[in-house]
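In what follows, structures are represented as structure tokens.
Each of the next two complexes has chain A plus one other chain: chain B in the first, chain C in the second.
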Partner chain A sequence: MLHLFYSSSSFDFPLSLSVETLHVDPKLTSASASFQACQSEKHLGQFYTLPSAHFRPLFPHGLPYRYQQQVKTFNEACFMVRPPALEVISYLKKADYSKPALRYLFYGVKGSGKTMSLCHAVHFCYTQGWVVLHIPDAHLWVKNCKELLPSSYNSARFDQPLQATTWLRNFRTTNEHLLSQIKTKRRYVWTKRESTDEGRPLGELVNQGISRVKSSSDVVGALMKDLRLQSSQPGADFRLVVAVDGVNALWGRSTIKKENKSVDLEELTLIHNLKKLMKNDWTGGAIITTLSQTGSLYTPKSAYLPQELLGETGFDSMDPFIPVSVPNYSEKEFESAYLYYLDRKWLQHPQSRTEDGKKELSFLSSKNPSMLDRICGFL
Partner chain B sequence: MESTAKKRRCSFNKDWETTYHWVKPVQGDSQRVFCEVCQSSFSVSHGAPERSGREFGSRKPRREEGEPRTEKMPLDQDWTAVYPAATPFRAGSVPLPVRMGYPMKGGVPPEKKGNLELIKIPNFLHLTPAAIKKHCEALKPFCTEWPSALDTDAKCDEHFPIKVECTDYVSSGLSVRNPSARIVQLKVKLSILNLDDHARKKMLKLVGERYCKDTDVLTITTDSCPLRQQNYDYAQYLLTVLYHESWKTEAWEAEKTVADMEEYSWEGSPSQKNIMDMLLRMKVAGEGEGEEVQEQLLARSEVQEYKDSVTRLKNEGDNESSVLQYKEAVKKVFNL
Partner chain C sequence: MAASCVRTVGSFLGKCGNCSSSLNTVTSQLSRQVLSRQICVSTALKKNLAAGGPEKFTVEFIQKQVEEFDIGKRHLANMMGEDPENFTQEDIDRSIAYLFPSGLFEKKARPLMKHPEEIFPKQRAVQWGADGRPFHFLFYTGKQSYYSLMHKLYSKILNIEKHQDRMRAKGLFSQDTKEISLDTSRWLTKEELEVLLVETISSNNYDRFIQLMERLLSMPYCNMEEEFVLHYRRPLEARSKKQMVPVPERDDKGVAFSTSDGRRKTSNSSVVLRDCGSGRITVNGQEYLHYFPVLQDREQLMFPLQFMGLLGRFDLQCTVSGGGRSSQAGALRLAISRALLSFLSEGEQETMRQAGLLTPDPRVRERKKPGQEGARRKFTWKKR
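On to the complex of A and B.
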């Protein structure tokens, strides 16, 4: 059942009808089958609800913290359909997957919705049945590392077992149904006694990594390599989407110290493997990334443009990529968000229902999505 | 002092009325005395009026202050007569309703009358345009005529490309010398000098901060020698040496790295390699290896656009429009 209500004047309604009448509903509920119908320009500014069957597996990690709290409060996950995400989805639809993987980069000011756009695009890929390799925040891998082990595979590098195991667990939750179908292509030897043979399902590889914490970073590396090789093959029956949030961490600096010496990013196994994945020498998939200043180290607060955050090396590695700008809400989107909050009874303050209150909200938050969320939290 | 030996307090004494005729008793308080001159009472518990140190015999009563001069100033007065030299601010002489100071809660900045803040700061009331005009008139007999042929800036630049600036200081004091008078500033436009590409880049590196990109002017300021003439010679020498050195190429200049380059050049950069790789892998130009394929690819318009956008992005830095241009170029290359 699909009911669409338009929150502002894209119909020929008289303008007085669109705002004061509070039973105008900005949401559109959709079953996953007609999900495809919702992803077009006609539905810009409206919210669509993620079916809970999709929500659990797809986003064990990767959503902004405040949004996760909102989902718990409202008991539903609603995404707003916005131009940046739609743009990337349209490219994904049009792209030729025998060509090298295309790289997309979401950039914008703090709190403008980059992570949400990324998650929207990832959800689209998930509904298409792709394998989702989602790294929630690359910055988490370069700072606050409690345990650093020398790598078993390459003695010059360092492993991060904790981060690797958490990520593998989440990866397994997301791609449960596909892991049993894809087989490994090579034989991996972990220790003298343990090895994974060729032809075993990938699920076994992942389980191996989760149970044997010591070799988990190497498992991550092997997983990435395998998926990359396999999706490049012409007969592959799956596509790979690599989604990295905060990709500028890969070329920034790290605060991890080993014996009082700062660790170089090249020496971390996880980062090294991820960088290899970022190169577009494989086919049959897409790489969607976002920039993030919030978690990044040693960057000024006002930096949000690609070159500032990626740096010289980052830009040269990511080049050529398609930068997609994620601006603050437009008028229509702001109205939609406001009506959504009203609809969910999130705005309790009596003055927030007035026209003046709405203007005040718009001014205070300067239509920045996260600011609006924070301010409405008080009302 | 005798008061320390006494243990009791003084009170009003009738004899004081004859000695000091301004003294009057205060009803109800024998320890206070009323002074007729200043119309106020004060305590005498610590001794006779003379010891309180307030009045020494009779004093001339303070006269009323008159109207400030500002009320009587005509509108077309000669201001240079009011402030002929640098003097502190006089509230009564400046006919402007100026206020200065921190406004206390609920108040406004204090007015100019008795305002120490206005007196503290330097003022230029003696240097109004009218005063400057008078100064110029006074200086004119000592000046020579400006050559009539040099009436535009362009002509001045053409005939006199090097401009030397020195300052003379006049002050009254024990000595007429001023050490700041030795500073010499030499300005020249680099477009006048005959420099080729390498020489220009080397000159800019040698000169560093002294060059202004917007006006293309090199400024050499010398003050290391004690005399002005010596500084002037030194500045001329510096200019000559810079010019000749930038034309020479040293052996170690061959070690110039990419990080030293002033501008981004796309040829041979990682960006070019990336896009070439990609296009080859996408097999856009058809099968074939080697130079011709590269040439063909380079000649395509999308690649040229891409090259322009990357160069712009790297040289200018980030801004919205350059990023958008880059995006369009990349989209074209991938046929999106």
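On to the complex of A and C.
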């Protein structure tokens, strides 16, 4: 079911809830058509629900924790249509995929909705049938690593088996229907006895990585290389979207220690392969990323601009990219979010339903989405 | 030893009228007298210094102190490089504070240099002559200056009545003569009257004095004695302060704005409240969500505006320094309420005052006392 919550365009709200819903035929193809219909600018500020058939596979990882809890509470996943995401989606629609991949970067203050915009764009790509390579948080790969093995492929580097296997599992859930169709292009030898031949479906590669934990990071690297090569070819029938949240972790510092010596980022296989992906030397896809200060190491709390968070090296390697700023809610968006909470009966306090209460909420949260969510949490 | 102290102090500043040095000089004089007479006087006739009461300063002594003070003043002016002729008491205070910086908290314990009139308490000169006969006719009442004052006052009343009779006889008697303006002054208190008369009076005496004064003032032609009456009145301090409402100005775009300050504990804040129509807030140049991550502080800022129902109307530009998170929020709240006053009517200002938004919070950190662990917490009590 596709619901559209309308917020009235003018500012004089009737206090009673004026929420209209549109019921649409739930088949996937028509849903994708009407989904596309509601991505235009007319629907700015309105919420649309993700069909649960899409939600489960697409976002096993990658959504902010509070949002996941909200989805569980409300039993539905609603995204708000906001200008940054719409902008990226429009570029994705118009882009020429025979040229090198375009890089998009969402940036903004803490809690302004960068990850959500990323997920919105990823969902769009998913509905278009692209292969989604979604890394939920690159910061998780550079800190709190429990196991570090020397890499089997290149002895100078270190592997992170646990993180790699979890990611592979999630990747499999997301792209299940496509993995059987895509074939490997090269032969990979894992150990003396195990190898994956050319022409095998990618699903086998992924399963190999999940079952053989020791070589999972190498599997990840191989997967990335393969997908990159394949999407670049002119006869490819799929497109690749690489979505990385917290991309500034790739060029920051790490807190992983090996024998009391801090590990350099170049020595981690996962990070190394990801950086290779980030370079736009491949075609037939897009790279969508976000900056994140919350998980980043050794950065001041007030930094949110690309230059501050990416650093010199990061900025140079990401250059050229399309920066998309994600601001706090505008008046209209704020009212829409407020109406949504009212509709879901999330705001229980009697005063929160008044006009004054709305003004108070707007003031206290200063129209920051995450702040609003936190404040409404206990109302 | 006392003598050597006196000599060093004297050489330092040319004998400024310092109380301690005067004490030293007095004791040194006495000790010199004792030393010089030590051969003749026996121990039985040694003076009991405590029985004399408070120290009595002779007139010559006071005069000498005054001369020393003047000389010291000129020396000080020379030292500070200023004009000795026009060296006022304020300049003296400033120079002493500069030359002898003191960290003592009690202001009265710091070094001072004032005219001997202010330092030495006024004492009455000897009231009787060489033959033992007192000068004043009311000496044997015990409170001669008080009773002489009462007599003078009564004679003035009689004068006024005589004047009234004369005017009535001439037919020029009129009730509406010029009244003495008594609004801006108050009567002398009992302590001030005692200081003026240089003798102690009882409360009964004081009441009688005030009654007589009131009687004088009730008569129609009292403006004859206006100067005399005003001598016994002191001006009142600034009357009950009405809250100074900051004046709203208009800046170049025609937007009305008002500025005000606020303080709480050790924080100082200043707020510029603009009447734009957006609800944007900037604190020290940063976003206010970033500066006050805690909800409680933001609620404090919101309260004045929400109370008056003017939430979305104003634009705030705040600067705050000092103190901690909570006191900065409190200081800003006070500043916002004060700035808001200029945009409100009288009744609304009154409601704000009643809500306690305009009262500066007097609570400051209490001092830690010796013998205790904190301001109130005592050390652990051990029975043995």
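Note that the second predicted complex is superposed on the first by the 349 of 379 C-alpha atoms of A that agree within 3 Å, B and C clash if a C-alpha of one lies under 4 Å from a C-alpha of the other, contacts with A are read in each partner's own complex, and residues count from 1 in each chain.
Definition applied: contacts are C-beta pairs under 8 Å (C-beta built on N, C-alpha and C of every residue); 3 or more make two chains touch, one makes a residue touch a chain.
Bear in mind the structure is a predicted one, so any value in this text is a computation, not a measurement.
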Three-chain arrangement built on chain A, chain B and chain C clash or fit: clash
Which of chain B and chain C A:Glu308 touches, first, second, both or neither: first
Which of chain B and chain C A:Asn280 touches, first, second, both or neither: first
Which of chain B and chain C A:Asp197 touches, first, second, both or neither: neither
Broader residue contact with chain A after superposition on the shared chain, chain B or chain C: B
First, second, both or neither for A:Lys94, with chain B first and chain C second: first
Location of chain C clashes with chain B - one stretch out of 19-27, 37-45, 55-63 or 91-99: 91-99
Partner chain B, residues of chain A touching it in the complex: 91, 94-95, 99-100, 102, 107, 280-281, 305-308, 316-317, 319-325
For the chain A and chain C complex, residues of the former touching the latter: 109, 301-302, 356, 359-360, 362-366, 368, 371, 375
Sites on chain B touched by chain A in the complex: 269-271, 274-275, 277-278, 281-282, 306, 310, 313-314, 317-320, 323-324, 326-327, 330-331, 333-334, 336
Chain A contact footprint on chain C (complex, rising order): 279, 281, 286-290, 295, 298-299, 302, 305-306, 309, 311-312
